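Order of writing sets the labels: A, B and C. Residues in every chain begin at 1.
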Amino acid sequence: MGSKPKVAFFDFACCEGCQLQIANLEEDVIGLTNLVDVVEFREILTGKAPEYDIAFIEGSITRKEDEERIKDIRERSKLLVAFGQCAVSGGINRLKNNRESLEDVKKEVYGDSYNMPHLDTFPTKGVDEVVKVDFHIPGCPIDKNEFLSVVKAIALGKAPSIPNYPVCIECKLRENECLFDLDQVCLGPLARAGCGAVCPSNGVPCDACRGTVDNPNQNAMHEILEKYNYTIDEIQRKINLFGVKPEVKK
Amino acid sequence: MEILKISENDFMSFLDKKIDEKAEKVIGVVKKGSHFVFNELESSDKLALDYDVTMLPPKKYFQPPKELLLKYKPGNPESYRAVNNCDPMAIVGIHYYDLAAIYMMDRAFSEGERDEHYMKKRDNSILVGLYPTKYFKYRFAKSVVRDQAYKVADLMMVKMNGDYVVEVVSEKGKDFIKGGNFIENTYTLQEIDDAKNKVKDDQKIPISVELIPDYLGKNHGHPVWEVFGEKCFSCGSCVLVCPTCYCFDVRDEVELNLEEGKRIRIWDGCMLEDFAVCADGHNFRKEKGQRFRHRIYRKGKHLPEKYHYFGCVGCGRCQYSCAADIAGPVKVIKYMEDNKQGGQNV
Amino acid sequence: MCEDCTCGEEIQKNSIYLPEVAELVSKKKMTDIDSFFEFELKGHSLGHLPGQFAEISIPGIGEAPISISSPPSDDNKFEMVIRNIGSVTNAIHSLNVGDKVGIRGPFGTSFPMNNLRGKNLLFVTGGIGLVPARSAILYALQNRADYKDITILFGCKEPGQRLFTDEIEEWKNRNDITFLETVDTCNGEKWEGNVGVITTLLPKLKNIDPLETYAIVVGPPIMYKYVIMSLHDMDFSDKKIIVSLERRMKCGVGKCGHCQMDNIYVCQDGAVFYYDDIKHLKEAL
């Protein structure tokens, strides 16, 4: 790319924690701004631009207004990148889709005022369920270095490389003891790597916050369930946490 | 072959001296949580030679998981520079099966097109072997390893009462122990032999390794591949921890300023879904069962046919690290033996 | 010497992963996704044989294995046709004349042109399979007297994917060779030639003597099985069928494992094989 690409950041239903990861890049922020021209980023600067080379979208789509807004951004963007698990799969927000009635969900959260018009909501969608997404950066939150590698790849004109292998690989590379052997239920064998197995390396089992690999073998989870004496519910609850689709069936 | 001995205490003092001299990095087995890993030693205190198995084999020092091959300025092919870190190192306490694996790796990287990135690291290394002193429930090395360890070891140690008997295998080994209190051996060959064989393996490949290449060839259509493939996560743990797996991917990485770039190789493995995918998207090993068979064939058929040694050294790491409990060659061949197909098995 | 390198100059001299430099000297679009590239090495020729490939690299993007489409030559130039399907090939497509690339190779086996002297040649090519085959075709045409009948069959998905269209016109007009082509579908384009898969061309050939003819088959993975079945129907023996197989060639030097097919590293032991030598392999076709 000749001149620096114009980059914008937007948020939808999310905690803005992924944008915070970018704001927290520290010295790399300067490197980033040498590489791209950040024209919109509500969390750190004011200003607006009519169009963008790359739009980074955080958050899931849960309202009619969200759909209209994301479509408008898409029209004004050459590339659109969904970053963070909310944008990628709906993330934690998608948990509400598992409930029978959205009305009940709203009552539970907002009490008596649940019916106010600005609280209107529909089942959570990932960004690619509404508009075309060019690249996904998974994770809750995103990994700062992976974000930078995606920006670098786009700047160089190559396809970003997001791992399609499970977290087990990264655990083995760090020579961690398997958490199953320490009596913990870990989604590592299904979960998409790229985080450097940061949770298991600190003794915390993987919750698949980056979603699963392309073809997770959820059925093989049975072998583990039997080997370590867990129930399907225990596994499924964990899988549902980040809006990941596979279902463990008996 | 010269045989010497050294007391345990003197050996530790010798290592401390080596560490202080800094002529080479001294690497040994240390405890990590409830298990063991190879790591650089700052002093002999941390050395834990009484170990069952390490999480990763010592191959990580000769083919690092992420290894720099080239440096360059992005977009400028005239700037390509080949680089390699081949700082001298001594690795202490390598079990004989891991030495057998290094022998296999050496052949893979030296034969045909010689890979100097690997070979220079090997040339500058000293391998101090050790007969296992501790039982490991998945190990079946005795049933698959022959004489390979002595083809690569510089020294072989055998733990005796309070002493190590040290077999001086190479000139490099002889130079390495100069300055240590290595004295004349007083143990009988029988005593040494007994100590070498003190730790037994529970596991054993159910058929003679010499017959396995042919056996696998005849069982290409055996249901084991599909049955085990169905249970496989394609997580790649088995190949990552395998001391004779050396497949790799090559990647380009650039700095944020886009002015410095590296070509690196990283560990890859045939059990991962995308391993055999071509640029046009065609996957030559699409099914999990195909990948599972390829891995076992590589160890049990392809490598033996090429190098005349069984391609698996029986360390048991794959079985230990397999969440689905299917990876171990003993388990696979046992299943085949228990489920013979209409006279197909030999 | 840099901090990451303690091997010094020695590794620079001996690394099998260090590319040399080639300059792009001409470039021509062939289809929407395929372009022709001519590269030149400094001071020496590539020294390749028909059917070999090389690893082309763009620093910062990566390396990709590419078939060489020109015949062997003492000239420092060589040719390739590159399909834009990945990051590396995309970067190569955006190069301008005068730009440079990294190159390692040539790698792999070649079409056994010496063994084929005095015989008839039947080229059966599909899609970009024509690219490596062209190296052998042009070699045979340069040494026309050394070979008896030369027949070239070319098939591709649709008219817009035809490669080397100028050369194809020449081949069609030559009376010392037979050239036939087909497309799988017209896809709405103007096309008066054959329609159908490549094997529909084989019955049109008269007087093929399977004892005196070698078939050279290069195409997408799906093609081999059907072409070989047809050749068997024509009484070709497996020793007279030569194939060039695609695999994921990553290192080109028989180490990285990606191209392995049974016990064979295709990047070193192939990509050109006598069918007879690989037909017993379970992972070949």
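Observations on the model:
Simple rule for what comes next: a contact is a pair of C-beta atoms (placed from the backbone, for glycine too) under 8 Å apart; a residue touches a chain by one contact, two chains touch by 3 or more.
Everything quoted here is computed from the prediction, not taken from an experiment.
The touch graph of these protein chains is complete, with an edge between every pair of chains. Here B is the chain whose Cα centre lies closest to the centre of all protein Cα atoms.
The two chains most heavily joined by C-beta contacts are B-C.
Computed from the mean C-alpha positions, the centre of subunit A lies at a distance of 37 Å from the centre of subunit B. We define each chain's centre as the mean of its Cα atoms; on that basis subunit A and subunit C are separated by 42 Å.
Among the residues of subunit B, those in touch with two or more other chains are 74, 251, 254, 258. For subunit C, residues that reach two or more other chains under the stated contact definition are 60-62, 86. Across the assembly, subunit A contributes residues 156 that each touch 2 or more other chains. Within the complex formed with subunit B, the subunit A residues making contact are 28, 31-32, 34-35, 148-149, 152, 155-156, 161, 164-166, 168-169, 172-173, 175-178, 180, 188-190, 213-217, 219-220, 223-224, 227. Contacts from subunit B toward subunit C in the complex involve residues 68-87, 108-109, 112-117, 120, 220, 246-252, 254, 258, 261, 263, 265, 268, 270, 275-280, 282, 284-285, 290, 294, 297-298, 301-302, 305-306.
On the subunit C side of its complex with subunit A, the touching residues are 60-62, 86-88, 90-91, 94. Residue ranges of subunit B in contact with subunit A, taken from their complex: 32-35, 37, 54-56, 65, 74, 230-237, 240-241, 251, 253-254, 256-258, 267, 272-274, 288, 321, 323-326. Within the complex formed with subunit C, the subunit A residues making contact are 153, 156-159.
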